[in-house]
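The following blocks contain the structures, represented as structure tokens.
What follows is a pair of complexes built around subunit A, which joins subunit B in one and subunit C in the other.
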Partner chain A sequence: MKTLDIIGWFAVLTTGALLIYGTAEMPNWGDPNSPPSTHVSPRYIEKADEETHTPNMVTAVLADYRGYDTMGETTVIFTAGVSCMMLLRRRQGK
Partner chain B sequence: MIRRHEDIIIESLARFLTPFIQAFALYVLFLGHYSPGGGFQGGVLMGASFILLVIAYDIIEGKRRITEKFNIVLNATGVMVFSGTGLLCLILGGEFLDYSQLAAILPVGPEEARGLGILAVEIGVEITVAAIMVSIFLDLASAGEHEEALK
Partner chain C sequence: MDFIIAKYNYWIYIILMMIGFYAMIVKNNLAKKVVGMNIFQTALILLFISTGVKTGGATVPIVIGDAHGHAIPGTLHAIDYINPLPHVLMLTAIVVMVATFGVALALLIMIFKRYKTIEEDEILEIRRKEAFT
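Right, the complex of A and B next:
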């Protein structure tokens, strides 16, 4: 148990240090030249309203441009509910 | 387990509040076009309104409103509405979930059709989230025994 504790602490601290080291190269907060802000975001911001007639840009991206992703999310919720039912629900009269 | 306490204040208040919570859930769903909101948030509110009834009364009273079979059907209906909208676009000659193809069967242009397609999939999300919330709550609250737990 003692050895496992040391291995656990080592794994947690190494992963944490690597993650903190990784954040050093991340772009500044709100940097207009960072990769996420230059690729597709300006296109969505400029065209979302006229292309989808949805003033809320977040909804347009969530349900239209990234509709496939949202379908996966709905399927995840459906699967979670069905698994819960299969694991917990007991038949009557047992 | 969730037993009925027969408290008239709690029961009437829950019964009074439920339609308002459900109306607000639909409001949040349809407001998703203009401000924060949408299927996930509205679905949680819709599920919560039913959970409130189950807490204020008991599982037997709650199941009289939505039976278990109907709830399971609702679970799958939401996902079916979502993927069915996508499939309809595929049948009409576009790509999967390309709502602008819906303009062929709706009396609107392709841009408005995309807006209506967004609304259709949000309704699907709302149905699934609401039904799953209720089913997970009932299973967890009674350890999977539902009304058997009250005996």
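Right, the complex of A and C next:
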């Protein structure tokens, strides 16, 4: 059991060190010119209200541009609910 | 100092993620493993949310318009609103997280009913005994 703990600590610390090393290349916090904020998101911010007539851009993207994705999401929740029901159902005779 | 201010949010999420990772791979109790997975996913969600931040007067992504809530044409600029896309995508991720958490807890209940314990080594011991008999 003790060796497994040491291997676990080793894996955690190595992964953490590698990830922290990788943050040197990440965009700065709050930078308006960072890659996530420059390529597609300005188009959504500028056109969402005009195209969907929804002032809330998050809602416009969730329910209008990505409407099929949201429909699939309800399938995920439905599947999870059904599997919980099937697992926790009281079985006949046992 | 500027480097620390620009990157410390990532370091916080990495520490959080490693706490979850440690719980997932080292802990012996299956319930603690599930909670570790939840912490891991939360760290990822925080990482993506933090990429949407824009400093310099940007506000929440809801259009500031006239009295009726309609946007005044030509006044929508990307610099004035924080990035809405990470928020939307992480909403989807939260849904998946809740679904996996619920199914994992249901499975844990069934494991406890079957083996009367959720300690991993005790379950393995019981299974080994069962295989020999």
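The rule is simple: the second predicted complex is superposed on the first by the 88 of 94 C-alpha atoms of A that agree within 3 Å, B and C clash if a C-alpha of one lies under 4 Å from a C-alpha of the other, contacts with A are read in each partner's own complex, and residues count from 1 in each chain.
Throughout what follows, contacts are C-beta pairs under 8 Å (C-beta built on N, C-alpha and C of every residue); 3 or more make two chains touch, one makes a residue touch a chain.
In this text, all values refer to a predicted model and were calculated from it rather than measured experimentally.
Engineer: Return fit or clash for subunit B versus subunit C, each positioned on subunit A through the superposition.
Structural biologist: Once both complexes are aligned on subunit A, subunit B and subunit C fit side by side.
Engineer: Now for A:P32: first (subunit B), second (subunit C), both, or neither, which partner does it touch?
Structural biologist: After superposing on A, A:P32 lies in contact with subunit C but is clear of subunit B.
Engineer: Have a look at where A:G67 lands relative to subunit B and subunit C in the superposition and call it first, second, both or neither.
Structural biologist: So A:G67 only meets subunit B here.
Engineer: Counting only touches as set out at the top, which of subunit B and subunit C does A:V58 meet: first, second, both, neither?
Structural biologist: Touch status of A:V58: both partners.
Engineer: For A:E46, select first, second, both or neither according to whether it touches subunit B, subunit C, the two together, or no partner.
Structural biologist: second
Engineer: Figure out whether A:L88 sits in contact with subunit B (first) or subunit C (second), or with both, or with neither.
Structural biologist: A:L88 sits against subunit B and subunit C alike.
Engineer: Between subunit B and subunit C, whom does A:T75 touch in the aligned arrangement: first, second, both, or neither?
Structural biologist: first
Engineer: Counting touched residues of subunit A, say whether subunit B or subunit C comes out ahead.
Structural biologist: Comparing subunit B with subunit C, the partner touching more subunit A residues is C.
Engineer: Could you grab the smallest C-alpha gap between subunit B and subunit C in the overlay, to the nearest Å?
Structural biologist: 7
Engineer: Starting from the residues of subunit A touching subunit B, keep only those that also touch subunit C in the other complex, and list them.
Structural biologist: The overlap between the subunit B and subunit C interfaces on subunit A comprises residues 50, 53, 55-56, 58, 62, 70, 73, 77, 80-81, 84, 87-88.
Engineer: Quick one: which bits of subunit A touch subunit B in the complex? Just the residue numbers, please.
Structural biologist: It is residues 50-56, 58-60, 62-64, 67-68, 70-71, 73-75, 77-78, 80-82, 84-85, 87-90, 92 of subunit A that touch subunit B.
Engineer: Hey, which residues of subunit A end up touching subunit C in the complex?
Structural biologist: So the residues of subunit A in touch with subunit C come to 1, 4-5, 8-9, 11-13, 15-16, 19-20, 23-24, 26-32, 34, 36-37, 40-42, 44-46, 48-50, 53, 55-58, 61-62, 66, 69-70, 73, 76-77, 79-81, 83-84, 87-88.
Engineer: Could you list, by residue number, the parts of subunit C that touch subunit A in their complex?
Structural biologist: 5-11, 14-15, 17-18, 21-22, 25-26, 50-56, 58, 61-63, 65, 69-71, 73, 76-79, 81, 83-88, 91-92, 95-96, 98-100, 102-103, 106-107, 109-110, 121
Engineer: Where on subunit B does subunit A make contact in their complex?
Structural biologist: Within the complex, subunit B contacts subunit A at residues 32-36, 38-40, 72, 75-76, 78-79, 82-83, 86, 96-97, 99, 111-112, 114-115, 117-118, 121-122, 124-125, 128-129, 131-132, 135-136, 139-140, 143-146, 148.
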